[in-house]
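The block underneath contains the structure these notes are about, expressed in structure tokens.
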Amino acid sequence: MKTIGHLINGTIDTQASRTQDIFNPSTGEVSKQLALASKPTVEAAIAAAQAAYPAWRNTPPLKRAKIMFRFKELLERNADEICRLIGEEHGKIAHDAMGELQRGIENVEYACGAPELLKGEFSKNAGPAIDSWSEFQPLGVVAGITPFNFPAMVPLWMYPMAIVCGNTFVLKPSERNPSSVLFIAELLHEAGLPPGVLNVVNGDKEAVDVLLSDARIQAVSFVGSTPIAEYIYTTASANGKRCQALGGAKNHAIIMPDADMDNAVSALVGAAFGSSGERCMALSVAVAVGDEAADALISKMSEQMKSLKVGAFSDKTNDFGPLITRAHQEKVVGYISSAEQQGATLVVDGRKPTVAGYDKGFYVGGTLIDNVTADMTCYKEEIFGPVLLVMRVNSMQEAMQLIDDHEYGNGTCIFTRDGEAARYFSDNIMVGMVGINVPLPVPVAYHSFGGWKRSLFGDLHAYGPDAVRFYTKRKTVTQRWPSAGVREGAQFSFPS
Amino acid sequence: MKTIGHLINGTIDTQASRTQDIFNPSTGEVSKQLALASKPTVEAAIAAAQAAYPAWRNTPPLKRAKIMFRFKELLERNADEICRLIGEEHGKIAHDAMGELQRGIENVEYACGAPELLKGEFSKNAGPAIDSWSEFQPLGVVAGITPFNFPAMVPLWMYPMAIVCGNTFVLKPSERNPSSVLFIAELLHEAGLPPGVLNVVNGDKEAVDVLLSDARIQAVSFVGSTPIAEYIYTTASANGKRCQALGGAKNHAIIMPDADMDNAVSALVGAAFGSSGERCMALSVAVAVGDEAADALISKMSEQMKSLKVGAFSDKTNDFGPLITRAHQEKVVGYISSAEQQGATLVVDGRKPTVAGYDKGFYVGGTLIDNVTADMTCYKEEIFGPVLLVMRVNSMQEAMQLIDDHEYGNGTCIFTRDGEAARYFSDNIMVGMVGINVPLPVPVAYHSFGGWKRSLFGDLHAYGPDAVRFYTKRKTVTQRWPSAGVREGAQFSFPS
Amino acid sequence: MKTIGHLINGTIDTQASRTQDIFNPSTGEVSKQLALASKPTVEAAIAAAQAAYPAWRNTPPLKRAKIMFRFKELLERNADEICRLIGEEHGKIAHDAMGELQRGIENVEYACGAPELLKGEFSKNAGPAIDSWSEFQPLGVVAGITPFNFPAMVPLWMYPMAIVCGNTFVLKPSERNPSSVLFIAELLHEAGLPPGVLNVVNGDKEAVDVLLSDARIQAVSFVGSTPIAEYIYTTASANGKRCQALGGAKNHAIIMPDADMDNAVSALVGAAFGSSGERCMALSVAVAVGDEAADALISKMSEQMKSLKVGAFSDKTNDFGPLITRAHQEKVVGYISSAEQQGATLVVDGRKPTVAGYDKGFYVGGTLIDNVTADMTCYKEEIFGPVLLVMRVNSMQEAMQLIDDHEYGNGTCIFTRDGEAARYFSDNIMVGMVGINVPLPVPVAYHSFGGWKRSLFGDLHAYGPDAVRFYTKRKTVTQRWPSAGVREGAQFSFPS
Amino acid sequence: MKTIGHLINGTIDTQASRTQDIFNPSTGEVSKQLALASKPTVEAAIAAAQAAYPAWRNTPPLKRAKIMFRFKELLERNADEICRLIGEEHGKIAHDAMGELQRGIENVEYACGAPELLKGEFSKNAGPAIDSWSEFQPLGVVAGITPFNFPAMVPLWMYPMAIVCGNTFVLKPSERNPSSVLFIAELLHEAGLPPGVLNVVNGDKEAVDVLLSDARIQAVSFVGSTPIAEYIYTTASANGKRCQALGGAKNHAIIMPDADMDNAVSALVGAAFGSSGERCMALSVAVAVGDEAADALISKMSEQMKSLKVGAFSDKTNDFGPLITRAHQEKVVGYISSAEQQGATLVVDGRKPTVAGYDKGFYVGGTLIDNVTADMTCYKEEIFGPVLLVMRVNSMQEAMQLIDDHEYGNGTCIFTRDGEAARYFSDNIMVGMVGINVPLPVPVAYHSFGGWKRSLFGDLHAYGPDAVRFYTKRKTVTQRWPSAGVREGAQFSFPS
């Protein structure tokens, strides 16, 4: 059985004292072994990054960007293989993996604009004959810690921008699906990245804690669940590191009485069940304003869900695949059951889907639950499964209050045709990413991604313009030149 | 004896269960009493800020800025009174207080540009008929905690920008010199600020800890010493607050052999002894490259220091005044003595200055110490007094290594006439604010202020463009309008 | 009778070989004489501006901005007097003059942000150890030529930004109402502007042609009618000058069937008749989609127009005042009559208003004309009077076609509650300034003002960010420092 | 013999009523025929661009940019062939053609950042519940007219940015060397550009005049000589088009007494003789401050010129190749002779170079002329050949005066080691592109290219950020949503 190792200083290292199983969630079987990095391994990666830093920092941004251009080419050329690796270890269907990869590539495209993005601010005559300018200099060695649900995209949110800004990087991806991460990292080396600029270590908390405590790490980017995000942020901050840590979500859609209901339902099906709901931007709660809207929603939704197809990653006709682990499957099923027990109405029950030939896979089918209330466990926590909760309220204000009262503030959307309702909602809702008739308002690569409240810890959002600020620090120079006589002196030296 | 109170919801409150003496450092006498805020008092201020927030947030930025324009007028009109209040409680001579105030006013001027500074980013056709934009929304209630050494300027670094961005504010200034702070805050109300938008509470650690723990406070800005800055940053971060905490400094000037030595010496005298060295940007170490430069520096410096005049704040012919407290005076004297004991050469000794008529004032005279080495106590710690250390090295590289090895990275400068040396220095030195022949490279109000290493905790610097980012959070909206038939429908309703 | 002169090099000059009458349009009487500048007078103004340029250019932007801050104060303090001067010579009622002045002041506020607005772009390591930056340097002496209809506002669109960018300025305002212009220019001097930086010359085509041909003038800003704008632009361009020339308008409002009709009618009354329609952003055509909307519009509009009050500038209860000249009054009346003759329906006829006690004033009352078609003279030309044309179409597309087919493309708006209609309209309409339920979509001072098609000649719009670009030119510097041995040399000079 | 045609609507069209010879300047022989576009041909190209515009305008910028990414790949993959085509028709040696192409590709890289570059400005609450934003919309069909000297680079300055901004394009390249232009344009189609978005017409004044007069052309970019630039600018402006027209140059280098002379000489050799001096940024005048500097310069320069190798494009060991035509060769020789006749000292004479085997080629060798004065013909006019003039002055001020007195203001540089001299020079010199120890200060692709004085007609420079502004127009939208009852109504419809 193949052992997946680390990529340190441009070289794959598969030696390991500890290993862990990697599963194929579609079949439920172990497919590979993962080497888990010990402290010395992580320190070797940091040392490689540290050694590569001085030369990389002094490489002109334009040259750094040229490597990103080639990286984009290689990602596109190898897209099918990347998607296959993602599917095998994550369970995602190819069309979904391709969507994820495409989003990741768009972050690489954004990084190609580094020369423009890194421009500083120049002030002539800040004082008499005094100029002042601010540069945005790289930080040094920075780290990224990424989750299982977007093995290609989330690392690509981080290191292309970090690297193109002049930093060197140590990435610790999810231990569930490291293969696409390593494959992509090797493509970046093929594109011309010098060894040591990007290093990948696989591991668990032991590896993470080295990254959080080693003084050579200047900054940490994290995406995962809120409790871990909070731990990462607090620990990294206390250790003097810059940190941005993105956590969990509970994304609500408000369905207004004037919404185009067919559109809304189509949008919700994709946004709730796509990737089995294992997305931090998945729409997991639909809040219908008025029973009329709620009834129409439930009716059209349950009708449309009849054609939903769950199954193995390898069949492209499937809509979505298995969950990531047996444990997670059981947890999701538990949430559904708790909803039923706590009084909600189970309209479509996906707890026991039949997936012919894959009975050991970690599947849960699309599930629709009506009459959910704010005190239910299924509402208070993030399910991260293909489960859509429906809540009924009497007014838009009530719907907004629900959203603002929730712990998370990642994404939200409203379905309406009315300009005023949309503007009021987007202005006032305490959520960082807002859709107006757009169910998954993931910002495009040239805006930045970030939730509010306990969905993000830190000042600056992920990718886009904020990433430039996160991965650089401001240096302000104030300059005055005293005369050395060269200019005036010359006038006297050579009289006519 | 007058008791200084709090400004909460537009009203002065002087009731207090605990009070503390306020001294006039020039005379060494107690002049006023300060009410120390209890937890309920701080909470009342937070509540006032919270109540004022919704209306203030919805006030157009242009209207908010108009109040800043009037505030600037009032600051200028009342400049003499402000400087008198500063002098009385801080000991700063009027010309120095005026300089501080002027810098503060320039931050108010910058805040007047809010409508431009708050512009978001708009992307037409992020997708087909989909628009996306990012807004920079205020955070809510934010807090500022400020030091004694710039009672007018440092608060003005914070709340004008915070407020003009739509936040409401609770300020806890230094307990040493609160009078100018309160006077200025009242001017802002006179300029039209609604009650509750800016609140000032005086107090000590009890007040600070409420600000760090109360869930209604969204962000904390701090300026002070590094140990406190670290405590503030770690605590506020752990409590889920955005935080920027500026700490101590040890600012080095490199004197290159080709420097214009007369210019350099003049610059150093002001930068080392101005405001008794109680500035986080004070130049406290001169690193001379080569003995020739060092000898010239010592010789010219000690000559020029003969005319330095230390004395009471009320005499404008004085160059600088007393230190802030008796305890601090003794601490500075202790540093000077330790230097002597550890082998440095005391060239000019300011430990016992004569200030006729003010023998109880907290004075230390200008002090010049040669042959300082990196292991001495006076070098390792921030003295915050009128003491200039001179170190001798053999190369620019050695000088830069000294600077980079020091715990702090606030400001630094180089004196040279050579373009290449200046560019190499400013590019590579690990310090946030760099001067080239400029001894106090404090960024102008439209750049941002911030040190590196342990001189600043947080991602974003103080004032200037970074303040806009610190005091706002990004919200990204993605919008698609489904047809409601209004546009096309009309075509069919009224056929020709 | 008082003679109004020029302001050259900080001094008023009233000598003149030629003069012209200035009227009070409310009474129809001559009230003052205007000195008309000869070629030598204009050249003296240019020479003063040229002489003032070098010192002004080198004055730090922050210092230049400080004068603008004081200018704003003085404008506010003297607002009543300014409005009185405007009213006397233009006929505008005080509330309208105050609105104009307020908009002008907001341009001064924007100019106060010069230090931020003038920041250049800095690129570290454009190549190895090569830095490159772009500065935005002033042009030199620039000129402005402004119309009668906004004597305070339009000049304030121009010279505050031009001057704060480091240029010096020659202004030739309208010969109809120069008094407020001169008064305001003197306030700017009172605010601290050095003599020669702003010069005002009064005159006619003789003066204009000097400004268009003199080689010392680097750029010309113009606001007026389209034929003159075209002449100015073509001539100035052919003479190698930078030019922006804003011309005429025919601003349409589309009234959709779903519009909030009461809101729309209120908005239209102000936008069509305010300032007697003598605004380049006046709404002069309402295009109703469907007869139902049209009938409702006509009915509500004619009802609301009953309370419209036209009269002398000195009575603040009037809604609007006289037209600027007898000739213009007759021209507007002629347009109304032509509409009637060409088959339109005259719903409300303002040709003979009664203004008790002012029977020689140049008054025209609010006029509403229905069933206007695209071939009528009143539609093809800009009326610049208190006349609202109503057109009836069957679809939004037809309404948009009308707008796009018109020669002008200054402003337009749509009244609808529908997000999709608004987005389609604003995206596709060939007009530079678009309102969505906003009848006068004049951009705020921190956006820029400019029409499309034959409403503006030039690349860059007036005021706001575009003004910074118009009044500066880019200089790009690329810098590499060869070693002079200072940095490395020192290492060898002083071996340890 | 092959006939080179046009590329219209994605198809090559070689039919022509008129043709013109294309030469191989290295051999002096005719190698191809060029079809010259008649008015109907140009109109067909415009019509194709017009037809392609609506769909292209609505293509999201991200999708437009993706084509630019693929274009870059194809340019790199086909670089050798492009350089061969350039060499054959221009005479440029492969290393020089590769340099040109590389610069062109960097403009394509910049265009890949379109989604970031096209961001508009968004203002929430410009008024109460009123939002306002500015979009940068494409212009429509725009044209480019480009010179022979950079057949690959200059067109790539223009159409990638124009197209990525949403415009469609008609390019008229130089009639001397159209083959690389067409080949590159076909690569862009291979990259996925829809037909009609980019059209190439070959021709002469007949074609140009159609582009300048046809009402469908919204803007014209031109690079060429100053007299033609002025004609283009004046004509296009008078016809209501936006225009930027870049003209000639006379680029001076100041050699200060403290310059690193070896560096300076190496830099000058490349900058004066590279590409036979047929560059608008060629350094054609060296101004030495003081005779000592001048003598050293002449001595080292003439020494280094001994190894200069002129010859056919096909031999990569050559330093530079022939001039573009026989006529131009004779013109350059004439300038050299005139210098001699007017009293200058011909130090190195390149009038009769020997190029074995290519005696009919249009060669001129590297030429160095000392003691040139400002009244000589060779100084007043642009030579555009491998000729370096040396002038001797007594002071830096005198050198700067020479530069400022010259008609052109394209590029300039100074060689010095002194910070103060460099800063004074770059601040004050009336030239748009300034080098400090950089002989060819061509801005990188993410800054903009443009001279001052008669070297550029128009407000905005070529490529970089200015190109975004040149190829778009600002539209400002102001939006207020009246309540349609959807938001509040819902509260009342469903009471609890």
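All chains are identified by letter, namely A, B, C and D, in their written order; residue positions are counted from 1 within each chain.
Here, contacts are C-beta pairs under 8 Å (C-beta built on N, C-alpha and C of every residue); 3 or more make two chains touch, one makes a residue touch a chain.
Model, not experiment: these values are computed from the prediction.
Participant: How big is the rotation, 0 to 180°, that puts the C-alpha atoms of chain A on those of chain B, in steps of 5?
Facilitator: The two chains, chain A and chain B, differ by a rotation of 180 degrees.
Participant: Look at interface A-D and say which pair in B-D, B-C or A-B is its repeat, using the rule that over half of the contact pairs are identical by residue number.
Facilitator: B-C
Participant: How many Å are there between the centre of chain C and the centre of chain D, using C-alpha atoms for each centre?
Facilitator: Distance between chain centres, rounded to whole Å: 36 Å.
Participant: Based only on mean CA positions, could you tell me how far chain A sits from chain C in angstrom?
Facilitator: The answer is 48 Å.
Participant: Scan chain A for residues touching two or more other chains and write them down.
Facilitator: Chain A, residues with two or more chain partners: 62, 115, 119, 121, 123-124, 126-127, 133-134, 258, 417-420, 422, 436, 444, 446, 465, 479, 481-484.
Participant: For a test of understanding, state which residues of chain A touch chain D in their complex under the given definition.
Facilitator: 62, 65-66, 69, 72-73, 106, 109-110, 112-113, 115-117, 119, 124, 129, 131, 256-258, 289-291, 394-397, 416, 418-424, 427, 444-446, 465, 479, 481-484, 486-487, 490-491, 493-496
Participant: With touch defined as at the start, can you tell me which chain C residues reach chain A in the complex?
Facilitator: Within the complex, chain C contacts chain A at residues 58-62, 115, 118-128, 133-135, 137, 417-420, 422, 436.
Participant: Taking the touch rule as given, give the residues of chain D at its contact with chain C in the complex, in rising order.
Facilitator: 121, 123, 126-127, 130, 132-134, 230, 233-234, 237-238, 240, 242, 258, 260, 263, 417, 422, 426, 431-438, 441-444, 446-450, 452, 454, 457-461, 465-466, 469-470, 473-484
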